[in-house]
Structure formats: structure tokens, C-alpha cells
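For reference, the structures are reproduced in the following blocks.
There are two complexes below, and they share chain A, which is joined by chain B in the first and by chain C in the second.
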Partner chain A sequence: MELFTNQILAGISTGAIYACMALAVVMIYQAIDHLNFAQGEMAMFSTFISWQLMQWGVPYWVAFILTLALSFAAGIVIERALFKPLAKAPILTQVAGFIALYSIINSCAGLIWDFTIKQYPTPFGSSPFLGSQLISTHQAGMIGITLLMLAGLYFFFRYTRMGLAMRAAASLPESARLVGINTSWMIALGWGMAAAIGAVAGMMIAPVVFLEPNMMLGVLIYGFAAAVLGGLTSPFGAVIGGFLVGIFENLVGTYIPGVGNELKLPIALALIVTVLVIKPAGLFGRPIVKRV
Partner chain B sequence: MSAAVEEVVTEGQAVEAVPKRAMTLGAGTSLVVLAILVLTPLVVKNFIIFQMTQVLIYGLAVLALNILTGGSGQFSLGQSAFYAIGAYTSAILMEQYGVNYALTLPVAGIICFAAGFLFGQPALRLSGVYLALATFALATAMPQLLKLGYFEKWTGGVQGLVVTKPDAPFGLPVSQDVWLYYFTLVITIAIYVGSVNLLRSRSGRAFMAIRDNEIAASSMGVNVALYKTLAFGVSAGITGIAGGLGAIAVQFVAPDSFTITFAIQLFLGMVVGGVGWLPGSIVGAAFIIFVPNIAESVSKGLSGAVFGVLLFLVIFLIPHGARQVAIVGQQLAARFRR
Partner chain C sequence: MTAMLNVRDLRAYYGQVQALHGLSFSLDEGSLTTLLGANGAGKTTTLRAICNMVRSTGAIEFEGQPLSGRSTENIVRLGIAHVPQGRGTFTAMTVEENLQLGAISRRDRAAIVSDIERMYAHFPVLKERYAQQAGTLSGGEQQMLAVARALMLRPRLMLLDEPSFGLAPLIVRDLFRILGKINREDKVTILVVEQNAQLALELADQAYVIETGRIVMAGGAKEIANNEDVRKSYLGY
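Take a look at the complex of A and B:
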């Protein structure tokens, strides 16, 4: 029994990583109705920027804020320059665009900072949290930050005019335009926010998985799995999904013999396919009805 | 935030509708292309012949994706997985069981057809981005599955398998590379002709009806579930044959040759060649084989970025890929004649 509770705790702490990433995935899905395959790479690039800033002697939290601002701006610029012209193109073309972006960012990061693995600092320290060997203070801090972001997003969408406008633009663009909302800019704003959330996710994840250009691939797949499990339309679901996926991964690794780290990605694949087949809307998402 | 009301959406077009007639080349042009493909190896060096073989093999894989996406409107970022299954099937049969290389290809095709048909079952529930996502996960998971200790007896684990290159049969006085090229060419032509006919057949019309409007197609009596999984199966089968040929040509299979990067390259090949335009597959394949070399000669570390930038250029400037170039060329030629 103790093993079981320990594994749940360990699962929650890895789940926090996925929850962060899933939140960014859902954010952009809300804004543009698509999954951004370049999301992980954008987060990785942001993390490298913060690392570079710290190398230049900028204190952690200043670098953190600066990176957030830069990522937000970069997200908007990418949308304006590359994806706004594609808004009316077939989905296939947009997916191709995401993939092109993925390739460009990954390659540039590799060129600028090369592919060696780098240590990334944590502001929370890495001593055991409340005497538990399973959760370090960093992981506890990461869970805290994830929940804080979720709360922030909730208040933003629920209680601010801007949040309301973004929701309107995402769910009924035509009507939103009629009441004077600039829906096109709302999409850009969604990109910006997703990039900033991704940056936070990257900076929280980097101390755990270490910093290198390919650090996000596994995390992104698990983030997708978490977002799908929680329902792609629900940020709350994404966070819960992240924790559930983390717990699931740990339990499977502990109790099913022969399943270890080398099966990490196939497990995510199985999870995604299972959820999409059994309950495509996810646990907290809303079902979509199609019309001819 | 999530409203309890059910949302009603009219789904946007996933893939541009390409008319059936626009999917192939005219008879005259086909003959010219064929003549070039047959005659070139007589005058060029062995290494170039090897690269041309690769172009044909990748062309097959892109063609398979084209049938799936351009034909039936389903996405796949997971073609590398089926290619890997095909390559491993051929390699294992040849090296562990001593089967003749030519006989391993149908087996690879059948196994991949089955794999694709099965994967098509859950994929039925998914469309557009969701399908892209599920296949994306498939492609990332495949190398890890191949590395599994459990299969190591057959797959050779991380090290992979070395495959012997076949000699020309009947004592023909040609080198291994030349023989393999013509062998691949014959298979490619057979599959190309088969695919063209498939898309012109009743099944092909069903694919395209599903691509253009799934709900309308089902109300016209098209068995949507059957034809969607069938498209997946056919596509995977052809990819598997390409994989088998690839294993023979490269003489080596290893898990890390079949990563998501490869799946992305195939997808890219389709976009560059023109979605739904079958002859474009060869153009796309040539693009994904030669452009990285060019990109690397421009800047070693930036090849990925050059690749991405080129892809953006294609999307923005010629969204229909090589097909658009071909059409413009045709119009110019027509004006010239007048």
C-alpha cells in the first residue's frame, strides 16, 4: 500500500510537467481550433532564451519575466506573419505550416546553443519537500505554479472583458465580429498567451529533463495525451489530465512487469488512441456536433 | 469555461478537392518521363543510380500517403511507422529466414496492409487534426517499440540488422546498383499504374466522395467506415513495400532511421509534390532527398531551418505544389503553340 501511495505521489510530481504543457496546448486549441505541433519547440526556445539571459548574469526571476514577455510577443509575431495568411487554407496546409515551424525552431536552437545537455537552475531548490523523498521542493513549486496559472486563466476568462471577448471570438466568430470584437487579434492574443504558458512550462520542466533542443518531444506527446484525456476544450481538464497521465505512467511502470522507460512513448500512444476512441471529447470537454 | 451546450460546427475542408482527371499525367508526358527514368542509369555514375533508386522508393511512400490524404482526405504523420514495419519484415525474412528478397516484398505489403487496416479502425473516429495527432504519436512511438528487448531476437535491438544486397539474376552483366534500380523501377511503375486505376475505380470514387463530404457520401450509400479503413490499409501496404525496398537498397535497418523526422519528410514530400496529384510524388521524393543535401551545403547546422523555410515558401507561393508548376507550364506551352 505504501508503494502505491508513493507511486501516486511520484506520478503527481511528473504529472505537473505534463499539466503545464497540456495547458499550453489547450490554450492554443481554444484560440485557433488546431493543435500546434510546434508548441513544444516554442517552449524549448523560450527556455533557452531564459537560460541565455541567466548566463549573462540576469537574476532568475527577472529572466523569467523577460522571457514571458518575449515569448508572448514572439507568439503574436509568428501568428501575424505566418499563420494569419493561412487562416482560410485547408487544414492540411496549416498542419504543414506547424511542421515547418517545428523544424525551423528546432534547427535554429541546435545551431545557436548546440545539442549538448545543459543544467537548468530551479528557484525552489531541490531538497526533499516536507521530508518526503518522492517530491522535491522543485516539483512542489512546479505544481504550485501550474495551479496558479490555471487559477489566473480561469479569472482572466471568467471575469475580464478581454477574456470574454476571446471566448466569444473562439466559439462564435461571426457573432463576435458583429458586436465589434476584433476576432483576428483575439487569435493573435491566444498565440501570445499560449507561447507564454509554454515558456513557463519549459522553464519548470527544464530542471527535471535538462535543457537541450530535443527535450520537448516526449513531453509534448504526453502533453497532447493529457490534453486529449482532459478534453481539448477545457483548461481545467488539461491540468487534471496531466496529473492523471503522470500517475498512470508511474503505476503502469511499477505494476506491469517489463514496462519501463523504454516504453514511455508507446504508452502515451496507447493512451491517446484509447481516449480518442472511447471518449473523443475527453473527461471535461464538450462534444462537437457536425452539420453538413 | 466549457459550456454545457453542444456546439454545432460546419466543418471546414480538410484537404482541397482535386478532380479525378487532374490526378494523373497525360499519355505523352508519361512516356517521356518513363523514357527518362529508363535511360538515365545508362549514362550516370553508380552513386547517382543509388540516389535515383532512393527517389523511387521514397516516391512510392509519398504516393501511398497521397492515396490516403489526396484520395480519401485522411491525414497521417505516421507513415514512417508503416515504412519501418515493411523494412523490418523484409530484413528479418531475408537475414533470419533466408527468404529471397523479391518474395519478402509481398509479405511486407500484406503485413503492413493488415497493420494499416487495424490502425484505421480507431482512426475512423478521428478526423483532421485529431488524426494527425494520433498518427504523430504512432510515429514517435515506433522506434521505441523496435528497440524493445522482447523483440531483440528478431530485430537486433538498437544495433539493427545488416541486409545483403542482391546480385543481378541470370548472370546479367550489370552491377548490383543498376539491377536494384530497374527492379525498383518495375515495382514502382506497377504500383503507380495500380494506384491510378484504383482512384479511377468505384473504390476511388468512394474515397473522393468521403474526402469531399463525409456525411453526404454516407447518405449516398458509401460505406464510410469500410472505405476509410481500406484507404489506410492500401496506403500502409504500399508504404510497407517501399520500406522493404528501402531496407534492401540501404542494406541496413535500425530503429533510429524511422523517427518522426522521416514521417515529416514524407508528409513534406506530399505537400511539395501537390496533394492529390500522383505524379507529384516523385517530385516530392526528389525534393526530400536532394534538398537536405543542398541545405547542408548552405549551412551544416541549419538544414532543418532551410527545410522549414522552403516548406513555408511552398505553402505561401505554390500551395498546390508541383501540380501548380505543371499546370502553369502547360498553359505557357499552349500559349507558345498558338
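Take a look at the complex of A and C:
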């Protein structure tokens, strides 16, 4: 029994990584109705920027805020320069665009900062959290930051006019234009916000997985799995999905013989397929009532 | 009376297909005008061209300002509300959120709150359902919501695309009564596209008849209603 609870706890702490990433995934999905395959790389690049700032002697939280602002702006620039021209293109063209962006960012990061792994600091320390060896203060801090972002997003979308306009633009662009919403800018704003959330995810994840250009590869797949499980339309679901995927991954790794570290990634992929087949809206995705 | 909307030689295209062939008409300020015509005559296209939702040439002027080259959202912000065919309801959002979206381009928060109350007075059924997901409303209720959403803009001109479509006759009467009231009391100029010619002509003071992308008849609604061709083609007697 103790093994079981320990695995749950460990699952929650890795789940926090996935939850963080899933939040960014859901954010972009809300804005553009697609998954952004380059999201992990954008987050990785943001993390490198914050690392570079700290190397230059900028204190952690100043670098954190600066990175958020830079990532937000970069997200908007990427949308304006790359995806606005592709907005009316077929979906495969857009997917090709995402993949191009993925490899461009990955290579640039490698070119600028090379591929050796780097230590990344945590503002929360890494001592055991409340005496538990399974959750460190960093992981507890990461869970806290994720929940804080979730609350912020909930408030933004539920109670602000800008959030309402963004939701409208995402769900029904033509009607949104007919009430005077500049839908094109709402999409750019969605990219900016997703990039900023991704930056937070990257900066929280880097102390755990170490900083290097390929650090987000596996994390993004788990982030997708978490977002799909929780429901791509629900930020809350994405976070819950993140924790569930973390727990699930740990339990399967512990109790099913033969599933070691090598087979953990296929588990995430299998989970994506299973959810899409059985409950495409995910656990908390809003089933939308349509009149026909 | 001065012309609020002036349309000159409007031609519209869907890809290679030309849907409007040089349409000209104008709307007087405060008038309630109906645009009649059979399926495919170009009624919807005319409304979409006014809001720049379809590729078109020609001159459209609203209160003296040319609309060509403006984006849909900027045209709407000038005070032109468009209730599209199919109502354009934000089905996943609540009734109240739909109303707030109607006023999203306005900055006067206090007036928005009082306008929402005013809409609930116009359409009591919306008040009962204010927290309900809009997609769960009946067709008639959704049409009421679409009109209310458009009014939340405080428009100077309202374009309605077949508001009677798919509604029970009693509900249509009710809706048209409210449209007449809005036109008289709120001084909103209205252009309504309709297949239900009889009702539309009872309501309107001006009418245009459109056939294959051209205006073929224009005049006072009563005069048009008494025209023999119109009676045969659109009124069925």
C-alpha cells in the first residue's frame, strides 16, 4: 500500500510537468483550433533566453518576467509572419508549417547554445517538500505555479471582455467579426499567450529534465496526451489530465512488468488514441449542443 | 429625409461566378425597407457585400463614408449590425454572454448593463434563460437572441437576413412586431431580406424586388404589394 501511495505522489509530481505543458497546448488550441507541434520548441527557446539572461547576471524573477514578455511578443510575431499567411491554407500546409517551425527553432537553439545539457536553477530549492522524498520543493512550487496560471486563465476567459472576445473569435469567427471583433488579432493574442504559458512551463520543467534543445520532445507528447485526456477545450481538464497522465505512467511502470522507462512514451501515445476513440471530447471537454 | 445607405452599381462574385450584376439602391434614415426575391436572387449576397463579407465592386456609402476597403469588423463598428442567415448564435455560450458580445466594441460599461436589461424587457424569454447555453434555445428564441445581440451594438442600421426562416407563423408575427417597434422607438434604420413577402410588405415602408442579381422593382411597400407581377410571383394570389 505504501508503494502505491508513493507512486501516486511521484506521479503527481511528474504530472505537474505535463499539466504545465498541457495548459499551453490547450491555450493555442482555443485560439487556432489546431495543435501546435512547435509549442515545445518555442517553450525550450524561451527557457534558453531566460537562462542566457541569468548568465548575464539578471536575477531569476526579473529574467522570468522578461522572458514572459519576450515570449508573448515572439508568439505574436510568429503568428503574424508565418501563420497569418497560412490561415486559409489546407490543414496539411499548416502542419508542414508547424514542423518547419519546430526544426528551425530546434536548430537555432542548437546553433546558439549548442547541444550540451545545462543546469537550470529553481527558485523554490530542491529539498524534500514537507519531509517527503517523493516531492521536492521545486515540484511543489511547480504545481503551485500551474494552479496559479490555471486560475488566472479561468478568470481571464470567464470574466474579462477580452477573454469573451477571444472565445467568440475561436468558436465562430464570422459571427465574431459581425459583432466587431478583430478575429485576426485575437488569434495573434492567443499565440502570444500560449507562447508565454509555454515559457513558464519550460522554465519550470528545465530544472527537472535539464536544459538542452531536445528537452521538450517527450514532454510535449505527454502534454498532448494530458490535453486530449482532459479535453482540448478545457484548461481545467488539461491540468487534471496532466496529473492523471503522470500518475498513470508511474503506476503502469511500477505494476505492469516489462514496462520500464523504455515503454513509457508509447503509453502516452496509446492513451491519446484510446481517449480519441472512446471519448473524443476528453474528460472535461465541453460537449457542445448543436441544433440540426 | 436623407439617404443613410447608398449602394451604386454593386457587383459581387463567388470565385468566378458573378452573383450581383450592378445593383443600386438607397435606404432613407429611419426607414424600414425590405428586399424581396426568390431563392438565389442575390438577397443574402447584397447584405454580405454591404459588410464586405464577399468580394465585390461598386460604391457603398454609409452616412457619407465609403465602406469599400474596410474590414467587416470595422464596418460593424460604424454602427451597422448584421443578423446573418442561420442567426450566427454563439451556441456554446450563455444567452447573457451572447448579449455582451453584441456590445463588445462599445466602451460605455454602465450603458451596456442597462441595454441588457432593455433587451430582457423586449424579449422576456431571454431573461428567463439568461444563464442557459444559447444552443439549447428553440429556433424562435435564438432568432430573438440574434436580434437582441445585434441591438446591443446600438446600431444606426440593422441588416436582417431572413429572420422568419424556420419559425412558426405566430413567432414570426411576434418578431416582426418587435422589429417595427425597434424601428419606430429606437430610430434604427432596418433592411430586412425576406422570403415571406406578405409579412415583410405589411411591416416595411419601402421595398425592392431583386431578380438574378438586379433590382427589378422599387417603391413604397403598399404600392409593391398591389403590383400584379409581385402578387403573382411572391404573394401567390
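Assume the second predicted complex is superposed on the first by the 285 of 292 C-alpha atoms of A that agree within 3 Å, B and C clash if a C-alpha of one lies under 4 Å from a C-alpha of the other, contacts with A are read in each partner's own complex, and residues count from 1 in each chain.
Convention: a residue touches a chain if its C-beta (ideal position, glycine included) is under 8 Å from a C-beta of that chain, and two chains touch if they have at least 3 such contacts.
Quick caveat: nothing in here was measured; it's all calculated off a predicted structure.
Chemist: Once chain A of both complexes is superposed, is A:89 in touch with chain B (first), chain C (second), both, or neither?
Modeler: The first partner, chain B, only.
Chemist: Comparing chain B against chain C, which has contacts with more of the residues in chain A?
Modeler: Touching more residues of chain A than the other partner does is B.
Chemist: Counting only touches as set out at the top, which of chain B and chain C does A:180 meet: first, second, both, neither?
Modeler: Only chain C; A:180 stays clear of chain B.
Chemist: Could you say whether A:15 touches chain B, chain C, both of them, or neither, answering first, second, both or neither?
Modeler: After superposing on A, A:15 lies clear of both chain B and chain C.
Chemist: In the superposed arrangement, which partner chain does A:167 touch: chain B (first), chain C (second), both, or neither?
Modeler: Touch status of A:167: both partners.
Chemist: Thinking of the overlay built on chain A, is A:108 touched by chain B (first), by chain C (second), by both, or by neither?
Modeler: First partner only, chain B.
Chemist: Would you sort A:37 into first (chain B), second (chain C), both or neither based on which partner it touches?
Modeler: In the superposed model, A:37 contacts chain B only, not chain C.
Chemist: If you stack the two complexes on chain A, which partner ends up touching A:242: first (chain B), second (chain C), both, or neither?
Modeler: neither
Chemist: Of all the chain A residues, which ones make contact with chain B and with chain C?
Modeler: Touching chain B in the first complex and chain C in the second, residues 167, 171, 286, 288-291 of chain A appear in both lists.
Chemist: Quick check on the complex: what are the chain C residues that touch chain A?
Modeler: 51, 53, 71-74, 76-77, 81-82, 84, 88-93, 97, 100-102, 104-105, 133, 135-136, 139, 142, 149, 153
Chemist: With touch defined as at the start, can you tell me which chain B residues reach chain A in the complex?
Modeler: Against chain A, chain B makes touches at 1-16, 69, 75, 77, 122, 125-126, 128-130, 132-134, 136-138, 140-141, 144-145, 147-150, 213, 215-216, 260, 264, 267-268, 271, 275, 299, 301-309, 311-312, 315-316, 319.
Chemist: Okay, in this complex, where on chain A does chain C touch?
Modeler: For this pair, the touching residues of chain A are 161, 164-165, 167-168, 171-172, 174-183, 286, 288-291.
Chemist: Which bits of chain A are touching chain B when the two form their complex?
Modeler: My answer: residues 34-35, 37, 82, 85-86, 89-93, 95-97, 99-104, 106-108, 110-111, 154, 157-158, 167, 171, 217-218, 221, 224-225, 228, 231, 233-237, 258, 262-266, 268-269, 272-273, 276-277, 280, 284-292.
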